[in-house]
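Pasting the structures here.
Next come two complexes, and both contain subunit A; in the first it sits with subunit B, in the second with subunit C.
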Partner chain A sequence: MTTHQIDRATISQAVRRIVVAESQLAAAPDAVREDEPLNGSVLRINSLSFVKLLVQVEDDLSVTLPDDLFVGHSFRTVADLVDVVEQGVAA
Partner chain B sequence: MSTSAPQQWRSVLPYLSEPLPPDRTQQDAGTGDPAAVQVNLPLELLRQSVQAKEYWDIPEPVQEAYRRFRPTPLWRATAFEREVGARVPIWVKYEGGNISGSHKLNTALAQAYYYHRAGVRELVTGTGAGQWGTAMAAACALFGMRCTVFMVGGSLERKPYRGVLMRMLGARVHASPSGLTAIARSGASRGNSLSLAIGEAVEYAAATPDAAFCIGSGETYSILHQSVIGTEAIGQLADRGAEVDAVVGCVGAGSNFGGIALPFLAEAASTGADAPLLVAAESSSTPKLTRGVYAYDRTDATGAAPMEAMYTIGSDYGIPDSHSAGLRYHGAAKLVSALRHAGQVQATAVDQVAALEAGRLFTTSELTLPAPESGHALAAAARLAADGADGLRAERGVLVCASGHGYLDLGAYQQLMEGGLADQAPDPQALLRAVSGLDRVERQEALR
Partner chain C sequence: MAAENGGTSGVVDNSVIVPLGRREGPTGTALFHALGGGLGHYLGLAPALARKGPLHGLRALGIQPGEEPDRTIAAMARRYAALLRELPQPPRLLVGWSFGGLLAWETGQLLADTTGFGPDVVLIDSSSRDWDAHDPVLRGIRERVLWETVAALGPESLEPVRRTLDAHIGARLAHRITPARHRSRTLLLTCTRGDDPEQAAAWGTLIPDLTVRSVDADHFGVFSRTTLPVVTGHLDDFINHSAGATT
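And now, the complex of A and B:
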């Protein structure tokens, strides 16, 4: 779905920056670990905000992610999200 | 030059004076794993809801389906003009000529396409009058998907053939309240019947593998898909050398109104011209745009979906029964609401008897039978073209969307002809109570 490759560190940084903003946290993106639950005591990401977050990731990384990697799937942690975006970027 | 079916949808988002107020999201419910986030909305539909991009290519399979019934007819309703004493031409855009009998198929096809592409194999939805359920059933049939519909029980009783058609198209149809869901079994829902049907669909979809809930009218992407109506109308009016300064549609949540009206707003904004009056015709028994408040409210009875900024009479308000089930919804779409709040959309309320009388006049004069919902738009268009109403008056011409046919509403027309139809004005105190706990988008907005 995209024509250029982006390394995992760049994806992770973009994802953490966006989940922090979406959760309205006053924290640096680097402070969020990849094993942090998306919908837990720190991050507050639900289904709809998750999809909005994906569209923001697309804008930030200038990529288009394929729907079939996401719809009907469950995600628990920041790492799950980074993994699937990495997979989408590579598709 | 003759207008053909559009190849692109046209969004008004680039021309909003300010961004839409963000939704207030709730905690997820019904997935069985509260820590997991489940994705149910195709990204493309969300992109279409948030990105300020004016033109969106219509996927070829959706275009192919559109070509079976689009472009829809537009004509000058000269006989209706005479009946209502119009001073200016009334142009009618008719959306009732497809299998669903209404404009709803325009977005049902698009949504089914995107969900199918995303791997979803069953769509679940709630429907009031049954037009949306029928559209969804047809779209699912086209794309080889299963379809489950929760239809407001009273409406299904009055219109059993809606159920027959949906089942014929392969859908499973449940009268709501169904007993299949906790929200219905608990009797805890305080909302109106359509919001309960939607709530049942939300809960059922969350518990069903490979299924997703999809909503009919109010979402911004639905209104985008409906832009084919107004885009075609702009071309068809130009083909005829006609000009209008008022565009009218009825409003349940706002998709047919948005579909016919907002391309005119985009066209005016892009060319620097004055926009026509954009007039939303609502039921006087569900007066969210004329007597409601601009506040955050629920979109369904479960409260699981995000709270949206909308003109609302309160999701707990007990809307009286009527023959216009498609208008019996407590809130207007957030896009239509924002434009109303910005003064770019006007609104007028129409009584049920006046709506059906306009529908009867239209039937006998134009030989086209409109749905009672469309009768509200026709009544408002007649007022604008004649003496004006609510300070609204057309000077050059009126375009009105007849959003659906009324072949399954003949019981309502029979009641009209027998003199057995009455209006039910909302109780001001009940309206006040229903909105009293809502968080206003702007505090100075108050019940008028």
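And now, the complex of A and C:
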């Protein structure tokens, strides 16, 4: 569905930037590790955040992802999200 | 913090309107929360709608700590209409699933009161029949919504979600749906395995210009991976046939 190839580092950076913003953290995206829990002492990502997240990833990466990319998935860490977005970009 | 919880006055609380997508486009859309106040059911629908124009979600007052939920549907509709009127590009499409469909409908009627022509409305498996407080189906829905919402928002949300959900159920039990006062287009998507097989006929008595399409799903499965493309396909057809709309 995407129009160009994007590497995992770029996807990870975009996802971390969004989860940091959604968690209302002052931290830089690079300060969040990929094994950081999405709902823990650092990040607070709820169901509303997920609704926003796919739209924001599309905007940030200038890609079109499958509508159902997040449907039926459960995400524990930042890496889980990055993995699924990477699959969506490659689809 | 808003003061309107069933009365007739109050300040606008703009924290309940959530920008979900900021792309430019001809079809701005508002998504309405379901029972319990969350927007998580729209996980698969939001990306498709966000590609058509600005997308906003209306979550319920009450699910955040310290908030008091609205206790009538009229109060919710007034609150949401006031918020949507304030947007730089007011939505031309209001979409709601289940209880959210009813909110979309009532809000659309209020918006049309000021312009004479309301936004298009999409009701997704939204029953218009009167509710019975003793109906075991209602008890089952309450339990399911409560635990799904708490699972999504975390255990600390149990008490605010329970209060919000019970406020919504009370509001729905007392509400009689407003017949169409204005000309507007309405799409009803019914689930073939939903709880109210008469909903198309019932809405048809209230809305003269009603388009009805069906989705082979049960009420809670309408946004599954299998049926999501069917839902978005019906929405695309409806939007593309709007007068003057281009997507």
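Keep in mind that, in the parts below, the second predicted complex is superposed on the first by the 91 of 91 C-alpha atoms of A that agree within 3 Å, B and C clash if a C-alpha of one lies under 4 Å from a C-alpha of the other, contacts with A are read in each partner's own complex, and residues count from 1 in each chain.
Everything below uses one rule, namely that a contact is a pair of C-beta atoms (placed from the backbone, for glycine too) under 8 Å apart; a residue touches a chain by one contact, two chains touch by 3 or more.
On a predicted model such as this, the values are computed, not experimentally measured, just so you know.
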Partner chain(s) touched by A:L48 [first = subunit B, second = subunit C, both, neither]: both
First, second, both or neither for A:R76, with subunit B first and subunit C second: first
First (subunit B), second (subunit C), both or neither touched by A:N39: both
Partner with the higher number of touched subunit A residues, subunit C or subunit B: B
Contact residues of subunit A, present in both the subunit B and the subunit C interface: 39, 46-48, 50-52, 54-55, 58, 65, 67-68, 70-72
List of subunit B residues in touch with subunit A within their complex: 23, 25-28, 31, 33-44, 46-47, 50-51, 114-115, 117-120, 210, 212, 305-306
Subunit C partner contacts - residues on subunit A that touch it in the complex: 39, 46-48, 50-52, 54-55, 58-59, 64-65, 67-72
Subunit A-touching residues of subunit C, taken from the complex the two chains share: 18-23, 38-40, 42-48, 50-51, 55, 57, 59, 152-154, 223-225, 228-229, 232
Subunit A residues within the subunit B interface of the complex: 37-40, 45-52, 54-55, 58, 65, 67-68, 70-76
